Amino acid sequence: MMEITTVHYTVLSAALFSIGVIGVLVRRNIIIIFMAIELMLNAVNINLVAHAHRLENLVGEVFVVFVIAVAAAEAAVGLGIILAFFRNKETVNIDEMNVMRW
Amino acid sequence: MTTAPSPMFDTDELVINMGPQHPSTHGVLRLVLKLDGEKVKDVDVVMGYVHRGIEKLSENRDWTQIILLTDRMDYVAAATNNLGYCETVEKLMEIEVPRRARYIRTILAELQRIASHCLWLGTHAMDIGAMTVFLYAFRERELILDLFEEYCGARLTYNSMRVGGLPLDIPTGWDEKVRAFCDVMEAKVPEYEELLTNNRIWLERTRGIGVISAEDAIGLGLCGPPLRGSAVYRDVRKDEPYAAYDEFDFEVPLGTRGDTYDRYLIRLEEFRQSIRIIRQALDGLPEGPVMGKVPRLLKPKAGETYHAIESPKGELGYFIVSDGRATNPYRFRVRPPSFCNLQGLRPLVIGHLVADVVALIGTIDVVLGEVDR
Amino acid sequence: MADEPKSDDAATDKPPSADTPAGASAADGVKPVPATGGQETGKPAAAPAKPKPKPKPKAPPEAPKGPSDPLPPDDLEQPAFLVSLRQALPAAIEQVSYWVGDWTVIVPPTALIDVLNFLKDAEEASFDYCADITASDWPPREKRFDVIYCLYSTRRRHRVRVKVRAGENEPVPSVTGIWPAANWLERELWDMFGVNLTGHPDLRRILMPEGWQGHPQRKDYPLEGPGELLLESPMEWLRLRNLSDETEIE
Amino acid sequence: MIDTIVIPLLKIAVLVNGVLVAVTFTVLMERKVIAWAQSRLGPMRVGPYGILQAIVDPIKLILKEDITPAKADKWMFTLAPILSLVPALVVFAVVPFGGDELFYVTDINVGLLFIIAVTSIGVYGIILAGWASNSKYPLLASLRASAQLISYEIAVTMTLVSVILTAGTLSMIGIVEAQQEAGFWFFFVQPVAFVLVLIGGLAETNRAPFDMPEAEQELTGGFHTEYSGMRFSMFFLAEYANMLVISAVVVVLFWGGWLRPFPNVAALSFLDFIPSWVWFFGKMFGFLYLFIWIRATLPRYRYDQLMRLGWKILIPIAIGNIVVTAVVKVLL
Amino acid sequence: MAETIGFYTLSVLILGLAVLVVTAKNTVHSILFLVMNFLCVAVLYVVLQAEFLAVIQVLVYAGGIVVLYLIVVMLVNLKGEAEAHQDPRRLSVIGLALAGAVLLELAGILVYSSGSDAAVPSSEAVASPVQGNVEELGWLLYTDYLIPFEVASVLLLVAMIGAILLARREV
């Protein structure tokens, strides 16, 4: 077995990111789509942490903190929108969310 | 675009079946709550799970046997039920009850009121989460049950009165024990108050909860403490005195806001007033027989009457029709205070939260044996 | 409708004869009166005009024809609300009866709402509290039900009973519009007797189960009911049940 | 090898068993204390003064039939109690029960954060229990519980920031040592934070007067209504283990952990003969008693009142406390 | 060796759980897989010596954000699969193809740049006066990255207000 290098982490990150992309593109349940986006953000985080580890520079980790903050903000607003939408249209199917107002 | 709601979501309001097996519906009451989140939008009260047909049964029992059936209605205040029934028959037959019997009946009825309120206080506090009060109140109720046991041998269904008086005179020394109990009880009421009356959480849970105006309360036919909580001066003991209440001095506590807290304060004050009545009755207990002149075979003349007394829950009325020929009533009807008060539950509950529902069931003080009969 | 103002005049016209003492002191609302209802038995006569009493048919020995509704003794003064009721709605009153201190007004079902509205709204009556609604069943009689409204006034502190005689299918108007309290009481009335109540907002069974057949408080309903039959011979019970299911197509 | 694997494993084994046994005795203690508060005797039949009740209860629970409702989500239904119990046990890894290395499993430099993070996982057990039961009362209860736990977690975490500021470290041992250096327990410098953490802790462990999620009078038992037998007892264990956690954390943060009162005052050094773990457990016992006492005394808050208390009172006070602490810290 | 085994185990777990998140029929199951995924990622952070981030990952992601998802799912009370009724304009095949393209692109970039893995000069490491992961991170956040930090907090504030506004029933 070979030594684990940053490349391994990057590959892992890329694979995770792709799974996230698949989720966003294939699923229609908006909540699952949101979770796929979280997966993609996590892929990015893994990449950042791995490189911060390699470079022995914590800037990468600082950005992870920001990413997590953004993810939290996104989840709060996004779920708020889902709830508001659901209350009016009674669906979480993204295909039916095709109007800007209701 | 297509706005037809897809059928895959359940967006109806949450319908919750509270009861008939539920820890705080005080028996087998069933509430079908329609909730919006935690807020109650509508409630349907379903009852009848302990309907035993006491009215129908009574029409086929003779006048004395019915006393035993009345025990089974409000089973936490059986003596009050006995009293109401016996007085109604006495009114129908125009029987004079000896003064001593009327005094003892008053004592029994007031002891029963304390016992019933103890049970109410305990369960009501328990519903709101104050579990210690429950056991404190039951400790005192136990003393009353002991007194009743000594008087009539039973602890729950007393069968303690007869048409025309009482089956038994009080045992020797019983009055002293009642007096001692009054002293104990007087000391214990402040103990309950200490735990609840000024407790912040208790205030938040009961103040402004289930407010009902005096007009609505009268219109809905509420009676007893729920009616007095809305500042309506109505107490059968004062308005239409029965037993020996016209000879005693006592006050009828009234609420001001008509909320759960007021009803709580009223019942606590009734503890004190009941003790006051019992003491007066013991002080003035006359000598004499406890049974009036009653024909061997009870057979009232044809006629009908309605007579009400103030049970711990409210106005307990009996409507009895005699056809003058049979040894059983032609029609026997009970006006159950719990039933009428329970009717007030729906307007009280709507708009409140689920947690308040249990507090409001508690504040109405229902006994399902009486609601369903 | 036009009678109503007259009734007020009538009440004020004869202040001394009506039993104002009870009414006046109770009007304060604070001090309760230790008298039972509006009854003033000790008072001397001066009774106002009474309608001619209907002769009560003697009950045959086998089945009672109905309750004895004894007329009040001639020397007994009638309470003010009865006097004014009689003046306001003279046609509505079939009979007034008095027994062991209770006043009962017997009215036809058609006049029920008018009478109850008058009793609730008139100043000297002000029966704002509907204590009880019940019935009694006298099967051989053509109008088999006596529907009884027990009223009470929290302001005047007196009672009265209003009685309606109704046949099995004769409509009896619901009084829920006058007293909300009547809602459940009338539900129970219907549940137990099957009185044909009209205009009730929510007429369902209340004490008996939803699909129950029959009305248990009727005199011709057996004391045992189906419950014991079910235990003793289930097949017979099932046959009877299916029978009733078939008839229940409504 | 022995130092890095065997000893920690032994410690973990002892700790987990110790916590479970402690929980059963906490249940007994609760029953006894509440009984005394209510002028009754409590369990008296099993063993002297009912002491063996602590052993009989779990046996009874284990032997009871374990029912899975037909419409429940089987996997989730089984997973939920585990998710509830495991975090409660894991947290003890960083709790120092005494001054010696023997008395804690590990000391990580983010110990306090670790506790907050791991306890925040415990909410899944409650939510999933409510959801998986496929029943309305548990669902309502779990919605209540999740909202309650999250809001009070915010309040508690905010409050802990001021303690971290005072101590200057996130390590549990570091916090105790900081109190030793300072010469006084942090209760004396952070009394507001102490009260907030205590209230928040009551809410986070679903204890009275904040026991809405399991209010049996309203929700017939709350999120574990459909549970029975072993799985129910795991919720039970988790609740009491969380109670132990909260008391342990409060003791470490505010009451000097294993330190004696005024650790720098030489005049009190005669107290040193008492071992450090006795101090720790004594203080923990005191807080457990306090929790039980509160339960016996107070009625239950209503859900919306609880949320109002959390968001409108506790969190603003916590933020104010952080600001004051920071200013004082800078000035000194 | 231990690191290798750990890495591969974690990778398999992370990717497998991610696949389950995307494919699970039941949304609640999906959320639970997501939580486990995040916990595994947290462990990965510990391997990469970022303890603070690991704890934050658990605290914020697993303990906060995903709980929100769970609550929302329970609130909207999903009865069945949202995909139950199909929209012909959306084709999963195209989605999969696009995702494959993304993966290919990423792989290309990776292969192209993987040569220069080693020996990257430590980019003038900021001389922080403190020791330890948490302290250094804090130092960076409150010195060099103070303004982004403040911006992030403003973002969170805006998100909070927005969420409250959206969730209000009567607008």
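A few points about this structure:
Letters A, B, C, D and E mark the chains in the order given here, with residues in each chain numbered from 1 onward.
Basically, contacts are C-beta pairs under 8 Å (C-beta built on N, C-alpha and C of every residue); 3 or more make two chains touch, one makes a residue touch a chain.
Protein names from UniProt, one per chain: B = NADH-quinone oxidoreductase subunit D domain-containing protein; E = NADH-quinone oxidoreductase subunit J.
It should be emphasised that the depicted structure is a prediction, and the values quoted were computed from it without experimental measurement.
The minimal number of chain-to-chain contact steps leading from chain C to chain D is 2. Per-pair counts of C-beta contacts peak for the chains A-E. Distance between chain centres (mean CA atoms), chain A to chain E: 5 Å.
Each chain gets a centre from the mean of its Cα atoms; for chain B and chain C, those two points are 25 Å apart. The distance from the centre of chain B to the centre of chain E, with each centre set as the mean of the Cα atoms, comes to 62 Å.
If you average the Cα atoms of chain D and of chain E, the two centres end up 29 Å apart. Those residues of chain D in touch with two or more other chains do not exist in this structure.
In chain B, the positions touching at least two other chains are 6, 8-9, 11. Multi-chain contact residues, meaning those touching two or more other chains, occur in chain E at positions 52, 56, 64, 75-76, 78, 81-82, 85, 133. Across the interface of their complex, chain E is touched by residues 1-12, 14-23, 25-32, 34-36, 38-39, 42, 45-46, 49-50, 52-59, 61-62, 64-66, 68-77, 79-84, 86-87, 91-93, 95 of chain A.
Partner chain E is touched in their complex by these residues of chain D: 73, 75-76, 79, 108-110, 113-114, 116-118, 120-121, 123-124, 127-128, 130-131, 139, 142-143, 146-147, 150, 153, 170.
Within the complex formed with chain D, the chain B residues making contact are 14, 16-17, 22-24, 35, 38, 125-132, 135-136, 139, 195-196, 199, 201-202, 204-205, 353-358. Interface residues of chain E facing chain A in the complex, by the touch rule stated above, are 1, 3-4, 7, 11, 14-15, 18-19, 21-22, 27, 30-31, 34, 37-38, 41, 44-45, 48-50, 52-53, 56-57, 60-61, 64-66, 68-69, 72-73, 75-76, 78, 81-83, 85, 87, 89-90, 92, 94-96, 98-100, 102-103, 106-107, 110, 114, 117, 120, 122-123, 125-126, 133, 136-137, 140-141, 145, 148-149, 152-153, 155-156, 158-160, 162-167, 169. Of all residues in chain D, those touching chain B in their complex are 34, 37-40, 136-137, 140, 144, 208-209, 211-212, 215-220, 295-305.
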